[in-house]
Structures are given as C-alpha cells and as structure tokens.
Amino acid sequence: MEKLVILWDSTALAHFHYQQVIMMAVGLLLLYLAIVKKFEPLLLLPIGFGAILTNIPLAGFSEAQGLLHYIYAVGIETGVFPLLIFMGVGAMTDFSALIANPRMLLLGAAAQFGIFATLFGAIALNFVPGFDFTLKDASAIAIIGGADGPTAIFLASRLAPDLLGAIAVAAYSYMALVPIIQPPIMKALTTPAQREIKMAQLRPVSAKEKIIFPLAVLMLTILFLPSATPLVGMFCFGNLMKECAVVERLSKTAQNELINIVTIFLGLAVGSKLSAEKFLSVETLGILGLGAIAFAIGTATGVLMARLMGRFSKTPINPLIGAAGVSAVPMAARVVNKVGLQANPHNFLLMHAMGPNVAGVLGSAVAAGVLLALVG
Amino acid sequence: MEKLVILWDSTALAHFHYQQVIMMAVGLLLLYLAIVKKFEPLLLLPIGFGAILTNIPLAGFSEAQGLLHYIYAVGIETGVFPLLIFMGVGAMTDFSALIANPRMLLLGAAAQFGIFATLFGAIALNFVPGFDFTLKDASAIAIIGGADGPTAIFLASRLAPDLLGAIAVAAYSYMALVPIIQPPIMKALTTPAQREIKMAQLRPVSAKEKIIFPLAVLMLTILFLPSATPLVGMFCFGNLMKECAVVERLSKTAQNELINIVTIFLGLAVGSKLSAEKFLSVETLGILGLGAIAFAIGTATGVLMARLMGRFSKTPINPLIGAAGVSAVPMAARVVNKVGLQANPHNFLLMHAMGPNVAGVLGSAVAAGVLLALVG
Amino acid sequence: MEKLVILWDSTALAHFHYQQVIMMAVGLLLLYLAIVKKFEPLLLLPIGFGAILTNIPLAGFSEAQGLLHYIYAVGIETGVFPLLIFMGVGAMTDFSALIANPRMLLLGAAAQFGIFATLFGAIALNFVPGFDFTLKDASAIAIIGGADGPTAIFLASRLAPDLLGAIAVAAYSYMALVPIIQPPIMKALTTPAQREIKMAQLRPVSAKEKIIFPLAVLMLTILFLPSATPLVGMFCFGNLMKECAVVERLSKTAQNELINIVTIFLGLAVGSKLSAEKFLSVETLGILGLGAIAFAIGTATGVLMARLMGRFSKTPINPLIGAAGVSAVPMAARVVNKVGLQANPHNFLLMHAMGPNVAGVLGSAVAAGVLLALVG
Amino acid sequence: MNSEISAQLTEAATLMLVGMGFVFAFLTLLIGGIKAIELFCLKFPSAQTAAPAQTRKTLPGNQPHKTDPATVAAISAAIHLHRQSTK
Amino acid sequence: MNSEISAQLTEAATLMLVGMGFVFAFLTLLIGGIKAIELFCLKFPSAQTAAPAQTRKTLPGNQPHKTDPATVAAISAAIHLHRQSTK
Amino acid sequence: MNSEISAQLTEAATLMLVGMGFVFAFLTLLIGGIKAIELFCLKFPSAQTAAPAQTRKTLPGNQPHKTDPATVAAISAAIHLHRQSTK
C-alpha cells in the first residue's frame, strides 16, 4: 500500500505545474512545425524534443546529473557546439559566386542593418512596462536579424544565456519562415521591371582563389576584429578544409558525421533552455516580435542597397538579390530565385543570389564580433 | 645496472597478483566468445579487451589519469553512454508490428516477471552465507532479466556501480545465449499443435501512426513514470527521428557512427569494471546464476501469457511468440521463428514475434523506471 | 567617438607583438607545406590553422574558456586523443607481411637507434650555451626519431608538454620529408648490386594468425613493459577489431569517422601549443636539428642491420628494406620501393618493406614505453 | 539477521506485486493509446505525412545522398567493360 | 527611469552607427581583398593548385573512397542481370 | 655545470644501451611469439576463423552495408542508359 503511495507520488501527475504543461505544448508545437511544416527540422525537432524533456517534473533532465544538463554544460556554456557547427557549415559553403562578384559583400553588409535597428528597438521596448532588456540582452536578441543559427546561439550563450532558448527558437523559426516573410517586402520595394533584370554570367573562379579566400577573411578578422575570430576562424577553417582538396577525409567528416552529432546535441541542449520559468514571460513575446522586425528590416535594407548599387553599376543588378543578404543560407537565395522567376520565367537568379547569401553569413559574424567587442 | 633493476621493477612480472591473471583470462574468454562463438561481439569484444587492460599491473588504465577512468567517468557515471545507445537503438527500431497488433504489449509485460521474480530471488539468496545483496543490488541484478544491455547498464550505474561489470557481462552473455536458453522452455510449455498455429497477417501501418507512437509512449511515461523518462525519452527521440523522415541525416548518424563510437567506449568502460577485487567474488556467481534464472522465468511467463491470451482471442495466437517478450531484439524473435519452423515448415512467425519483441524493450524500460522510483 | 576608441582598442592592430606575427607566419608556412607541398596535410593543416588561431591577440583561443584550451585539456592533457588515433591506425594496419616474415622485427628494432642516439645528442647539446634540456625533454625530443606522430604527441604530453608543439611539428614534417631524407642515406650505405637483390615471395597468412597476433603483442607488452600498454593496447585493440571480422561496424568507424574527428581536434590542439613564448626559442631550433638527425640515424641503422642480416640469412635480403624500419607508414615503405625500382625496374619491394615498416611502429611504441618507465 | 532478510523479502515481494502490476497497467494503457492513434489516423488521414517523399531539407549541404563519385566511376567502368565484352 | 532608458537608447543609437559603419568598412575592405587575390592568382597561376587531382595522402588507410564492396556486388549483379536480359 | 652535463650524458648513454637492448630483446621475443602462433595455427586450423564469411551480427540494425538506394538508382539509370545506347 505504502509502495503504491510512493509510486503515485513519483508520477508526474502529482507534481505538474500548469506552466510545464504549456511548455510541453510549445515543444509539441515545435515538433509539429518541424515534421509537418518542414520548418528547419534538423534543429527544431531536437529543440522541441529537448523542450519536452526539460519540463518533465521529477525527471531532472536539466538539473545536476541530468543528461541535458551535461550536454548544455559541455557544449553550449563553453561555446564549443556552435563553433563546430560553424566549422561544418564552412566546409559546406561554396564562395565561388561571391569571389566572382565581390561587390555582393555590400548587400551582405546592408542586410545587417536588421540587427542594429533591432538592437535599438529592443532598448526602445523598455519604455513598455514589463520589459527591461539590458544592452547585452538587446544585442543577443538583435542577432536574430543575422538569420544565422549558430551565430545567434554563440552570441546568446555569451551575452544572455537566460534568453538563449527563446532566441534560438526565434532565429530558426524565422529562418524557416523566410519564404513567407520576404516576398511581400521584396515586391513592395521593387518595380516589376526591376525584378525582370537579367544579370551577367559569373566568371569562373580558380581553385587557388578559393583556397586563399578563407585565409584572407581570417587575416582581416584578426587585424580588425579579434572578437569575431572564434566564429570566423572556425568557419574559415571548415572552408579551407573543403577547398584545399588535400584533407577530403576531414572535410567530409566535418560536414557530415561531426555536424550531425553536434546538431543532435545542440538542439537538445537549446531545447533544455525552454523551461517554463525562463520562456513563459512577456520578454519572449518581445523577442519573437523583435525577431520578425529584424528579418523584415534586413530584407528591406538589402533590397534597397541593391537598388542603389544598380543605379551606379555598369553591369545590371537585379535588386531582388539584396534580400539574400540576410543569409538564411540557402533558403533566402531560393526565395530570390522564385520571386525572380515569377517576374520573368527565364531569369534564374539562384547563382547570383548565392553571393549576397554567403556574404550575409560573414556580415552577421562580423556584426556579432562588433557586439561582443562593444557590449560583451 | 641500476637502470636494469628499475626496468625489471617496471615490468608487470614483478607485480602480478594471481587475481589479475584470472581476470585477464576472463577477458580472453569474453574475446573468445565474441570472436569464435559470435556472442554479441559488438559489446563483448570491447568489454573483454577493457577487462584485460584494466587488470594490467602498473598501467593504471582505471586509475586517475588513466584512459578507461576518463571514459568511465564521462560516459557511464553520468549515464550518458547507455542513453545515447538507447537513442540509436530507438532510431533502428521499427514498431510497425506492435502498432498493428497492440495486444502484443501484454506479452512484453508478462515477460518482465523474470525481472521481479529475480529481484525476490536475489534477496532470498541472502540466506546463503557470503551473499549480502541490498535491495538496490538486487534490483540492478534483476534487470538482467530485461534482456536489454543499455537498460541494465543504466540501472546498474545508478543503483549498484560496483556490480556493473558483472551485470553487463551477464546481460550480454545471456542475450547471446538466447538461442540455447529459450527453445527447451518454449517446447516444454507448448504442445506441438500450439506451435503450429498460424497467425493472421498484420495490417499495414501508416507513417502517421508511426510518428505519433513514440510521442504517445513518451507522454504516458511522463504522466505515470517520470523516473523512466531518461531511458524511454531517448529511445522515443531516436525512434521519432527515424519515423518523421525529415531529419534523415541525424537519424542515420544516430544509428551508425554515433552508436558505433559510443559502443566502443561503452564496452571498454564496462570492461574496466571487471577488476579483480570487484569481479572475483561469490556475488558474481550469484549474479550469473540469477541472470540465467531471470531469462528462463521471463521466457516462461511470456509463453504462458501467450497461451492465456490465445484462449480468449478471436484470432489465433501462437504461444511461441510470448518468448520474444523478453526483448533481446532481434535474437529472441528469430528464435521464435526458428522453433516455429521446426513445428511447421510453412509457418513464418518472425513478423509476429517482432511485436512482443519491441514491447519487451518498452516493458523492461518501464520496469527499470519502477525500480528507480521505488528503490533508487 | 568613445565607441570608436573601444573598437580600435579591441582590434588586434593595437595589441600585436611581433612574435605573434612570426608565429602566424609559421602557421601559414605549415598550411603552405600541407596544401601546396602535400606534407602530411591531415595533420599539418589543422596544426597550422591552430597555430594561427592561438596567436591572435585578445581572442583568447588558448586561455580559460577558449575553444583550443578546452580541446587541449580534454584530448591532449589526458592523452586520450593520441590513443584514439593509435586505435584507428591499428584498425588500418595489416600485419600480414610481418607475420609472414617475423625477422623483419629486427629491422624495426635497429631503426629505433635513431631515438636513443638522439636522446644522447640532446643531452650533449646542453654543452652549447642556451640549451638546457632535462632528461625528460631529451626523451620527448628523441622520440621524433620514432617517426610516429601519435607516439610522439603522447610521450611529449607526458614528459615535456611545453615542447609538444615543436616536437609534433618536427615529427610530422620529417615524416613528410622521408622521400627526401632517406634515399641519399640508403644509397650511401648500399652497393648497386645489393639494391638489386630480389626477395622471396611471402607466404600467405591465415586469418587466425592475424587475430592472435595483436593479442600476443599485447600479452608480451603486459608482461615486460606495462608502461607501453596504453599505446600498444589501443593499437592492438584497433587491429583486433579489424582482423576479428565480427565487429566490422566498429572497425570501420574507428578507422574513418572517429579517427577523422579526433585528427581535426588533435591538430588544432597541437597547433595551440605553437604560441610565441614557447616556440620562438633556440630550443626549437635544437629540436628541429635533432629530429633530422634522429631520422637519418634511424634510416642508417635500419639499412646496416639489413645488410648484417643479409649476410647470415639463407634467403636473400635487400638491405634497402631496413630503411622502412623507422616506420613513417606507409611513406618509408614506398620510398624503399622507389629506390629499389631505380636499381632494378623489375624489383618490387613494397610488400617486403611493409614488414619492417609496421615493425617500426611497434618498435617506437616499445621505445616510448622504455622512456616512460625509466624517465617518466 | 534472518529476520532482517525476511523484512527485505517482504519488501521484495511487495515490489514484485506493485512492479508487475504497474508494468501491466502501463502497457495496457498503451494498448488503448495505440488504438486511439489508429482511430485518430483513420479520421484525419493527413496528405502530408502520407507523402513523405516530398521531404525538403533546408540546411546547406543537406542534399540527400548524392551518388558517390567513386560509385559513378565504378558504374561507368563496369558499363564500359560490359560494352566491350558484349561486342 | 525613462531618462535611464534614454541613455540606453543613445548608446544603442551609437552602437547602430558604429556597428553598421564597421560592418560596411570591413566588408568593403574584403572586396579589395578579393580583387587583390584575383590579381595575385592571375599573376601566379600555380600549376600545383590548378591540378589538385595529383593529391596524394600519406596516412595509412587514407585511400580516397575505395568503392564499397556492396556497390561492386550490386553493379556486378546489375550487369549480370542486364546481360541475361539482353541476350 | 659541465660535470652536471657529464653526469646526464652518462645517464643518457646508459639509457641508450638499456633501451636498445630492451627493444631488441622485446622484438626478438616477439619473433618467437609469431613463430609459435604459426605453429599453433598449423596444428589447430580452425574451420570457424578460416571461414569468416559466416559472420552474423545480432544487434538491431547491424546489417552489413545495405546497398545505398542512391547507388541502386544510379545503377538502374546507368543500365537503362546503356540499354538504350546499345539498341
């Protein structure tokens, strides 16, 4: 009889708080978005599952000696997991389009205005009662506008670990929503004639250029922004492994097994930050709102910059490709291509959009470095 | 000259205890079973090798700064390795047969009687001088009857770390011995006519059912047995990754490279627990004996439950499939199939035995959760 | 304005020491050797990149909470990474040639004279002002003559962590330079007639012999040199996994994904030891010089031993194969083959050189064990 | 001593009853759960999950199995050989 | 309170200007860098990197993708089948 | 100072002798070991290890290399192409 009482007391039924139930529903929602809506499933599925696990009463997944606690301490607190992901993404990224047309970097730069405008907006939100974001919080939130998951997680783990869960979820959700968020903005800021512009074919890029490129990026970062070198350094390391063609074994492992293993753990650990006490607050709503604004502003400034460049360029520039500057590789570039095809069924912009797309990755890593240097 | 003396003193010859020699022989025996007899080689080979390494005098593999010490501390003490293995096994498991015929869960439940009867037996063994099992020890030993390696290692690491080596070795050895242990019991408890019973073909199971299933299992476990959620949660996570079909990269890695890496380390770390002082005791004999009894009882109650169910079922049930309820996936199901074919060369029971087989995995995870909740 | 000052102050430009610039140049040189000259790219590329990262001012890669600091602490300080590499190399090594002609072990033994002569030389260098090698330092340096990367890193991490960077770089560089260092020595110590000697074909080796071999090596090491069992043990474990043919999954993972992941991390961590204060010293020049001498002496004693053996052997022995005794698998064996073909275009020595080649791996592991036992 | 073991035995017996009871109760509940899932899926046969072949992936480099160059090379060689041998 | 937020806002505005300025400056520099690389590569078109096919690897077991035995088996089977079917 | 180095040198020389001696002794022993293994294997040529092709594996999912679907697709395509090209 007594055993039955202990057993009952050891069921979750006797210990559930309603907030935990809500957070599990959030976890299930993320699983739904990942599985049915195919929203960034590689990240949102483990995050959603981690959110469910971390909110189980009595199970202690995120307490001392809990599985998620260990994973978080080893991989996120140290910053190791997002850096390894970045290495793997570097090993998957092809910079040819950017090297062939380096001016595209300006589009990647312009789109980062989404980050800095959101930083301002997050502080402005403090006028609303209930919000009290510090400059660190605001910076970590703003980086959502960088549209780059590992960068956002790395910066949040450094500047605002308490907000990490909400920031990561917002970042990946909006990256998945790029096909919905971007097109109306792109169409509003361009004329049909502009959207039909065909761009000149890109020159071929030699293997040597592709090998020197990551080293040059690293050198510039070392000289001018050492605080960005963890992110940029690992990214360039991955890219160098890919392009140098002498360590194919390592490059393949970095972009397959290693990144897969780290992705599983990273997702679970991020999900473990979706605990009731930290997520169920008005701040989360603020983060979600600000994140959407950041994406929208980044898209807009990217397109406007492309229009501006088109005015002064000898070769024609389709302003749509500016939208790819937010990164969200390769989703944003695909959206550009699709909107371009709607305007002109023979106009394939995918390769041209890859330039600003990868430029956006560098741009947001640089922005993260600036924030770390000035706010961190 | 002096150097030669130091060198001699640094050979093992001057420091061997006879128990260490015996334990190395045990290690070699495990290697023999793994390589020549093909007994669960994936685990018994690293365990055997770890047993040899940990018993080398002066080498300090399992002392501070020793390789096996690190691996054990990182992976077993934390419980991380068995949980990752369970995730991988989840990603390999197909629940179709069980979803198509959910009553098979009762067979998976019945076979767990092997666990609880052995728990009673282990305590009863305390009447024999030399044995002094606590309730925690007894629970950790009893879980051998669950016929599930990672569950046994996880529970032993929580309840009786000192017995972990012997328990893991017993669990994997008996899982390998299933084709020898089970058939006589199965034949003794069934009539030839019963063994010839053909079962109705299973209905096809939709992808959606297979996706919802792991989530439903997790929800029930959360509600009624949170202490089982580490095991069941990771298992269901692996299974969800497999069935959802949107994270194939992660699922493949979980069931290949990741589980392989963890298996190597898990085996070596378990082997490191086969040190002379802990293994060479009368308790180990008790564990080996109790483990065999647990398997036998589980098989028997599984078969008897199947007979009982057959009496009340509208569709025919071949009682042999009850034996698969002990889990030992997929060995036990194959044994059922083989014994079935001996009775009727046209009666293929493999698919029907997969239901109770995977039910047994859930059943022993639930039993482990009960033991953790009541004894841990 | 103030922000700009902070930003300027947070650029590396304001903080560079000239030594750091030199070390980055060293890192770039290693990258050049790896990529353009194809010198051991799998190791020298990550090492070179790690050297660049660790010398970035303000980035703190190798300070507390830095990425390379974590990797070094987890993998090198513990000795885990070189041991895992050794396991993988074991799983890649085929001992058939050695088992078929076990006398080749004597060549692997003779070539280790490079190690011990260099140990003497390193101490003798203390007569030169500026050098002050302890016996531990000297031993760690001497192991470069073993021509085996993981052995050198393991021993250096145990005996002289401060010299680890220089030692690892020297070891891998000279292993890459084997085709340049060895041929002149081989030709100087042999007559053209000797280089033309054809050797008898090797007998086939059974699977059973190949399975027992790693266990026999382990047993001998346990009995006579426990201090070498970490290296030899993991090597034999890898080899047993390969040869036993029952754990193909594990063997494949050990020689592919696992060794690749560890190689990336090992290289970066070794590179992190190439910091200005530790590398830019006269000692590094001494290490580079001694390393070259060690390789040369090892090659010479290997060839001389082969000549000696040829004099007493019934079957003919081509003295060139003695050069393969330094290990540097499989480069040294290929060099032997090439030099042999120059003397006689129909004389393929590759298989015959594989015997002393893998014998050299065992030989240097044994030598490392001796040094650990007597000096460690 | 023996009385202590007897107490333990009683506890073990209780554990056995409670444990087996719980295992059966839990898995019986799960039977109900599976039947409920079946009914749910019959009522709402979603087109999406029925056609998992549409799966798209969005991370860079996430292309499903590109055929290995070595495989392609091997096939080409095989075809070539075959073509010659059937001439 | 509000004055505090205003101070923060000023700081945020400064950050915005300095940050965007830096991002633009940095990436503009990189444009120059890429052009410099292009010129450099035009001047020194190295034969080595132009022919990365010569890549040799030296670690044991570092053979690039040996064709999988299963692949070979599959191909053989396919060829065999094909041969029979075209007889 | 120099006397100290001389002492070290003596120690290094001893190490050299003892070390090389041990390495030779150990590897010579191993020669004996290998010959013993050979004799043992000649005496007891086990059928089991001689036929490692029978290897069975028992963990779930432990099937050796199932041929990749992509491989199969590639082969089918290749065969198809070939069939058309040889018509």
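All chains are identified by letter, namely A, B, C, D, E and F, in their written order; residue positions are counted from 1 within each chain.
Simple rule for what comes next: a contact is a pair of C-beta atoms (placed from the backbone, for glycine too) under 8 Å apart; a residue touches a chain by one contact, two chains touch by 3 or more.
Just so we're clear, the structure is a prediction, and the values are computed from it rather than from any experiment.
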Margin query: Of the pairs C-E and A-B, which shows more C-beta pairs in contact?
Written below: A-B
Next item on the list: Return the chain whose centre of C-alpha atoms lies at maximal distance from the corresponding centre of subunit E.
Entry: B
Item checked: Centroid comparison with subunit F (C-alpha atoms), farthest chain -> A
Notebook entry, point to check: Whole-Å distance, subunit C centre to subunit F centre, using C-alpha means?
Noted result: 18
Next item on the list: Indicate the whole-number Å distance between the mean C-alpha point of subunit C and the mean C-alpha point of subunit D.
Entry: 44
Checklist line | Rounded Å distance between subunit B and subunit F, as computed from the means of their C-alpha atoms | finding: 30
Checklist line | Junction residues of subunit C - those touching two or more other chains | finding: 3, 7, 35, 38, 41-42, 211, 224-225, 246, 249, 257, 370, 374
Notebook entry, point to check: Which residues does subunit E have that touch at least 2 chains other than itself?
Noted result: 15, 18, 22, 46, 49, 55, 57, 62, 64, 68, 71, 75, 78-79, 82, 86
Margin query: So in the complex, the part of subunit C that touches subunit A is made up of which residues?
Written below: 3, 6-7, 10-13, 15, 24, 28, 31, 34-35, 38, 41-42, 45-46, 49, 52-53, 56-59, 61, 65, 67, 70, 256-257, 260-261, 263-264, 268
Checklist line | Residue ranges of subunit F touching subunit B (in the complex, touch as defined) | finding: 14-15, 18, 22, 46, 48-49, 55-62
Check: Can you list the residues on subunit A that touch subunit C in the complex?
Finding: 78-80, 83, 211, 215, 218, 222-227, 229-230, 233-234, 237, 240-241, 244, 246-247, 249-250, 252-254, 257-258, 370, 373-374
Notebook entry, point to check: subunit F touches which residues of subunit B in the complex?
Noted result: 3-4, 7, 35-36, 38, 40-42, 88-89, 91-93, 175-176, 255, 329-331
Next item on the list: Spell out the residues on subunit F that touch subunit C in their complex, using ranges where they run on.
Entry: 2, 5, 8-9, 11-13, 15-16, 18-20, 22-24, 26-31, 33-38, 40-41, 45-46, 49-50, 52, 55, 57, 62, 64
